[in-house]
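The data blocks that follow each hold one structure.
Both complexes shown next keep chain A, but they swap its partner, so chain B is in the first and chain C is in the second.
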Partner chain A sequence: MLDDVTKDKPVLTLKDLSIEFPTPAGVVQAVKTLSLDIHKGRRVGFIGESGSGKTTTALAVMQMLAEPGRISGGTIDLGRTNILELSEEEMRRARLSRVAYIPQGAMNSLNPVMRVQPQMWDGIIAHEGHLDRAELKRRSDAALASVGLPLHTAELYPHELSGGMKQRVCIAMGIILDPELIIADEPTSALDVVTQRQVMQTLKAIQTQIGSGLMLIGHDMGLMAQTVDELAVLKDGELVEHGTVQQILQAPAHPYTKDLISSVPLVGGESFLNPDARADAPKRASSEPLLRFENVRKDYGSVTALHPMSFTLQGDTPQIISIVGQSGSGKSTMGSIMLGFNPPSQGRVLFEGQDVAGMNAAQSLDFRKNVQAVFQDPYACFNPFYRVNHALKFPYKQFGLATSEAATQRAMEEACDAVGLDPDLVLSRYPHQLSGGQRQRLIVARALMLSPKLLIADEPVSMVDASLRASILSNIYDLKDKYGISILYITHDLATAYHVSDYVMVLFKGHVVEAGPPKEVIGAPQHPYTKLLIDSIPWPDLDRSWGDGRTDWDPAKLEAKAARAEAVYRGTVPGFDLIKEATFG
Partner chain B sequence: MSTANMTRAERRQARRIRRFDNPWLNPKLIWGAGLLLSIIFIGIVGRFLWNLDLVFTGSSPLKLPPLGFENLRGQPGVMAHPIGTDGGGRDMLAMIIIGAPNTLFVGLLASLIGMSIGIFLGFSAGFLGGRIDDTIRVGADVMITIPPLLILVVFQSAFGDVTLTMMALLIAGFVWQSPTRLIRAQVLSMKQSGYVQMAQLSGASTTHIMFREMMPNLVPYLFGSFIASVTTSIVTAVGLEVLGLGPQRIPTLGRTIYEAINAGALIQNLWWWWGIPTLLLGVIFIGLLLINLGLDEVSNPRLRRLS
Partner chain C sequence: MGRIPRDYLVNRLVTLVLTVLIAATIIWIIPRLSPVDPAEIALGRMAAGAGSVANSEEILAQLRANMGIDQPLIVQYLKYISGALVFDFGLSTAAFPTPVSTLILNALPWTMGLMILSLLITFFIGNLLGALMVWDRSPKLVKVAIPAAMVFTSIPPILSGLLLMWIFAAKLQWFPLTGAYSIFVEPGWTWEFVKSVLHHGFLPALSIVVVTFGFWALGMRGLMIGVQGEDYVKLAEAKGLRPRYILYRYMIRNAILPQITAFALKIGLLIAGQVLVERIFAYNGMGKLLYDAILNQDFPVIQGVSYVIILITALSVFLVDLLYPFIDPRIRHEANA
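Take a look at the complex of A and B:
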């Protein structure tokens, strides 16, 4: 019925849209006079950092702005309807049937106590009244089939699905009424690269099939390049650039867009590290290897998270060893075993010849001082009750490094300078007053103050904005040589591992499947699993389409194939010795 | 901008924003605290200004109404007994001055003891885990299912006359379960948080983690839980007293209500005898409720509104 209307009119017209949030400190302009059209069948990406107004715009289109936000100016037209004039009931009818919203965390968006099928029916019943079961079943099955899920998924509860499957169920629910516009708000931010590629391909295919417009919100330039036709770059609520993907990637006009593009590290691309920073590292006193894994294995119940693994990290010259893999590959388990948080089910972890599990109080304190960590979530790492300097001051005193109050203060200021923070500005604040990037730098500064011998960095940059990732990593990299710290870098991001590490281990279901220097392992992968990971990276490069761009790409089959392949060990680096697993499979 | 040339609406808005910045200026909290403090105030000031010997039986004429009223015998209220006397010739004002703080005292003491037990057990269960956790959790769950009044009735009838402190101790045995479970749950989730891991990395001792890292973040929960258990304790104490159990010789609000009912005050239209203690109990409960609501808004900024 709307076909003849939408031919000449865009599915979504934003005209001079302004959104504001009144707060005690004054009115915050979240979106400033934004004008944009989304045409039928077009995919438009909204890219920008957190707080740039991407999600706020999307929620305004759904008329679901959180209190006290309000639209202070402009119009939003959905096809020919001005949605600002719709009543609550009319808007309710428009949601899902005309504009569908696919939320960020699919895991939180499904009702945990309902099977998938009745949840899908809810949407149909709310718009079309009660239909007979056979008809409902036919339509929900068709929706599930269109996102490539097996039909028995309908009978499952959300907790029985994987993250990628849940996200695809959300997509299926979104398209069940053939909306004119689909809004996808960072639909893959919680998924690893392999699943991300699969979900995005599903979304693209279904959107092409029903011919709706797509508004994709994200912060990953690579993902955008692989997915959308047009790109809108937002900064502080302003649309700073808008054009086709080709235009923007090849000739970005605004400096912020250039930053966004250059901040994505590329495998084989230019390094974001400073090559001149190398300095002579301080010598170590002990001749024992710094860290040694002896047949370490970890089981959780009947599941083996980590298969027996042995390696020796000499630690005489500071090195960065990267451990890469998908979620569930056992890489974080490895990290917590090294920190002594999680005892291995079998085998021993030796730190300078001492078994981590059997240390006395003095040895344990020494181990804690020398083995420090940077965790994934910079928001959780500070106690909200204290000012941030508590997190820096406390361990410094605890390990007996503080001689006087003034010396502690000086050490804190030096550490802040080393990571590029202004100590006067950050040290006396509360954690919620700092940005994610600032907090993560402070955690790095905290580790530095203790001058540890080993730093375990567990996904240190996966939760900070893309533009900050490179700078935090190069911070860590520079400090390695300056302070003589060996670093274990745990990540799912192969591009950064390629640049920073001296040695890379690829972990797959608790096994090392490929290991060696990064230029070989990531630059020219041999094991099918490493290839799968590298194919899944979305490149911000239009010539290099996602893998080979086939639509029959099925990660499950590729993983099954990878599980049968032999592990590949590609040469060694001095100072790190990985012992090949005797058995596999 | 000076306050003089602001419109009324602007001034109101400014006041709201000030309140947003300083959450302790919460009107519910202030009113609630004010009501409770006024009960304590009556207790303290009354001890200096009023003759407390009037609580003894037969110290005054019987069944006098409050000032400005007449009882069924046509006697008017007198200045010497401004809120009347009871059927035993005791002055109501003296009874209130002693009884109301007593009731509050039992509630506060019982929940203070209950909370201390709860904090100790909750932390032990959440932090140590394993067998200890199982024991404490099952213990608390079992205790929750037992109706406290039933057990206390049996206890108190066996004890006969008890002191206020003894009664508070007995009640405390029934108000530690919910704080234990609440704190255990919070400790379990906090144990996984980044800042506790960071403290472990910093070589912090278990006591440091418990009391310096976790405890400050628990304070809003502890406050809320404390107020809730004061309410429960007072309800339980008054319940026992109205049944004629509890302290026999010490005036409390519940005991006064018991005596009024027992002496047939309802039939004889001696409404001040049971009505005034009931009114005061209402004031105490409303005060506690307001404090609880206020604390909720203080500790949970999402409940605070600007509009």
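Take a look at the complex of A and C:
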């Protein structure tokens, strides 16, 4: 299958490429004798977890390896040019004009003090000298148009663009000189599913149009299945499997590839949760409902982030309520209102009958202990100067739960055990010595130590590696049954919401558009917006189309349709009452 | 952006006036906490001159009346504040009866000239060197030489001033020892005079530059390290831009933003910091005026000089507030900021 495209010289030839990082502790082999070709017009996916060497390979092709990394063996040919023999100036000229790089963090990839247009022009000028303004303008406008951006984008500053728009500007910059090879390093990892699909469609279309090779780096098997022709699976710097995407998805040969495929949670697929971990949870002793929203509404200036919403969570039988939606849907606003960080513009939030906004110091302390949070970024949630045990101990003592040092130590160890961490290994370490997954578990452990009644988890797994997501989510899931904690799970990931939750609310522009048990809402969506969200998920399944060739995938039109549609509420779960919005739109 | 909203301007102006008013009150209170009576000092000076003074009680009372310190505090305060608004700080008690405003007006241009010159040079050199310390294409020599030059930062300006004076004025005789201009030229807008002023100002300015450039260089170094790791700098390299262009337009342009705020704050601090430099070089600026006033317990001059320092600081912060959105498009003029 690979043979029919190998007649021309490949745009990229990697031959026995080895990259090493000499460190004081010894030489780390980041990439080991990697050989691979990328042909004109072909899309090749590099998949693997963080540390597998995929980004290092890409940076080696750009000759932009971070110190002290160096190429210790092999060759890199760009067309007929051996780039390892190029001078620094020749390599600079090759960048962008022959090989373009589309970065991972599109959020910060544009110079914040320059408008979009000069940032596109400086790339042209650096390679072709000073052209006249009209020519520069013509070319930057053509590039913006080709990625579907309105031309006035050229006059905007980066902070005035959304994440999806920034990423498309980066694509427009990348293709402005018609490169032979485009390297896209997780170009959509910071975007929600709907925007991700749009951006990937744009990238595919433009790459097909200019006929360049594409090296797509990622960790999401679903995204790869829907985008690339060939897959290269990397593990610990080694190419463990390479073939067409059909071959690999249908008959993965390497066990690691099988793991990657099965780690993608599927709607309707087998649950990744452990159903045996059932135990009788302690009953909550209060007659008041745990959490109650009374006509809560939030405005930011003239924009309404959350339209009046009312619900009651009894909390007698713990439930997991999922709140799903795109960025900007108001789901994180809901979370911060529940935590009392952000007072509602209208209405009341009651926790066990107490208005969160009007608590005295003692009530507030009690509230803080009983409502715990797990946030998205496990790197920012620890003070880097303290060891882990201090971070765990501190709130425990602060809330007066510690009776003795020994008891505190026991509580820490229990909490670590509950989230699957070895207390001897992690407690005496500093946060930077732990992986993202370990840190996120510790945050769950820290919350658990305070025996809260409500846990608010805002995108708890979106920043950890795919293979860890399932296990961290099952840690959180276990809290419900083992400890009787009710959980509000805020996410953009419908597949995980499908598995963990008892009830799902789909948020769109501050409105609940669809709500009910996950089997119905996500398994058989009725509202057009829910359908759009589910269609946007890239499935690791070649038969399940991602919307190519369909005419109705334009999200703007679908969103307009969604805004007109009637909200769909169906089914209830005991202990949770959502009151339907009287008016919509 | 583009123009400054009126609400914002009014808000900033009110803040400016309040800042100056509160600070003016504080500088009025502080000297009054001192147990020393300026009338007694003046009397002491007379006694030292004449050997002895008759009717000392009467003279003391007369002096107090002249200085206005015999009146109730609240009256003194109101007089002071209403005077301060029109830059009338009364008469100097040490150089009695010269108006304080005259003393300040004579000293201010010298200090502003020396200060702005040296501050601009330091800001430019310090930030550039700080940036070069981080830039991975700087010559090796630069990376070694700059940290070594930082040693000067730890020298107090009084010592560096004396050292420079000894080398360049006393030994080499390239520059004059003291003074703001040669006594042999007539002050005025003549080339001779300007040359003399620059010639005299060079060493005091250099002694300030040598000891303060490290502040900017170290600050800039920290900011550049932050910017160096930014994704937009990596993407700039991936776009094949020329390294020098990346340094100026992508790295320094972003790293320098906080330094501009620091620059505004430094303007006021520098007058105070210049006290000793002006003193050694016998440079007739605000620093020397303040130094002499403190020695003589000359309340009106201390208040006047402090007031001008505060006013200049507040004005420069006000200006930076207005200008900032034009240099950093992410910041916007907000009325309730």
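Rule of thumb we're sticking to: the second predicted complex is superposed on the first by the 573 of 585 C-alpha atoms of A that agree within 3 Å, B and C clash if a C-alpha of one lies under 4 Å from a C-alpha of the other, contacts with A are read in each partner's own complex, and residues count from 1 in each chain.
Everything that follows uses one rule, which is that contacts are C-beta pairs under 8 Å (C-beta built on N, C-alpha and C of every residue); 3 or more make two chains touch, one makes a residue touch a chain.
None of the values given here were measured: they were computed from a predicted structure.
After superposition onto chain A, the partners chain B and chain C occupy overlapping space and clash. In the superposition on chain A, contact is made by A:365 with chain B only, not with chain C.
With both structures placed on the common chain, the touch criterion links A:387 to neither chain B nor chain C. By the touch criterion stated above, A:137 is placed in contact with neither chain B nor chain C. Of the two partner chains placed by superposition, A:544 touches none, neither chain B nor chain C. Of the two partner chains placed by superposition, only chain C is touched by A:95; chain B is not.
By the document's definition of touching, of the two partners only chain C reaches A:62; chain B does not. For chain A in complex with chain C, the residues that touch the partner chain are 62, 64, 92-97, 100-101, 103-105, 107-114, 122-123, 126-127, 157, 159, 170, 173.
Of all the residues in chain B, the ones that touch chain A in their complex are 17, 20-21, 193-195, 197-204, 213, 216-217, 306-307. Of all residues in chain C, only 230-232, 234-243, 245, 249-250, 253-254, 257, 327-330 touch chain A in the complex they form.
Listed in rising order, the residues of chain A touching chain B in the complex are 22-24, 68, 339, 341, 364-365, 368-369, 372-373, 375, 377, 379-386, 391, 394-395, 398-399, 443, 446.
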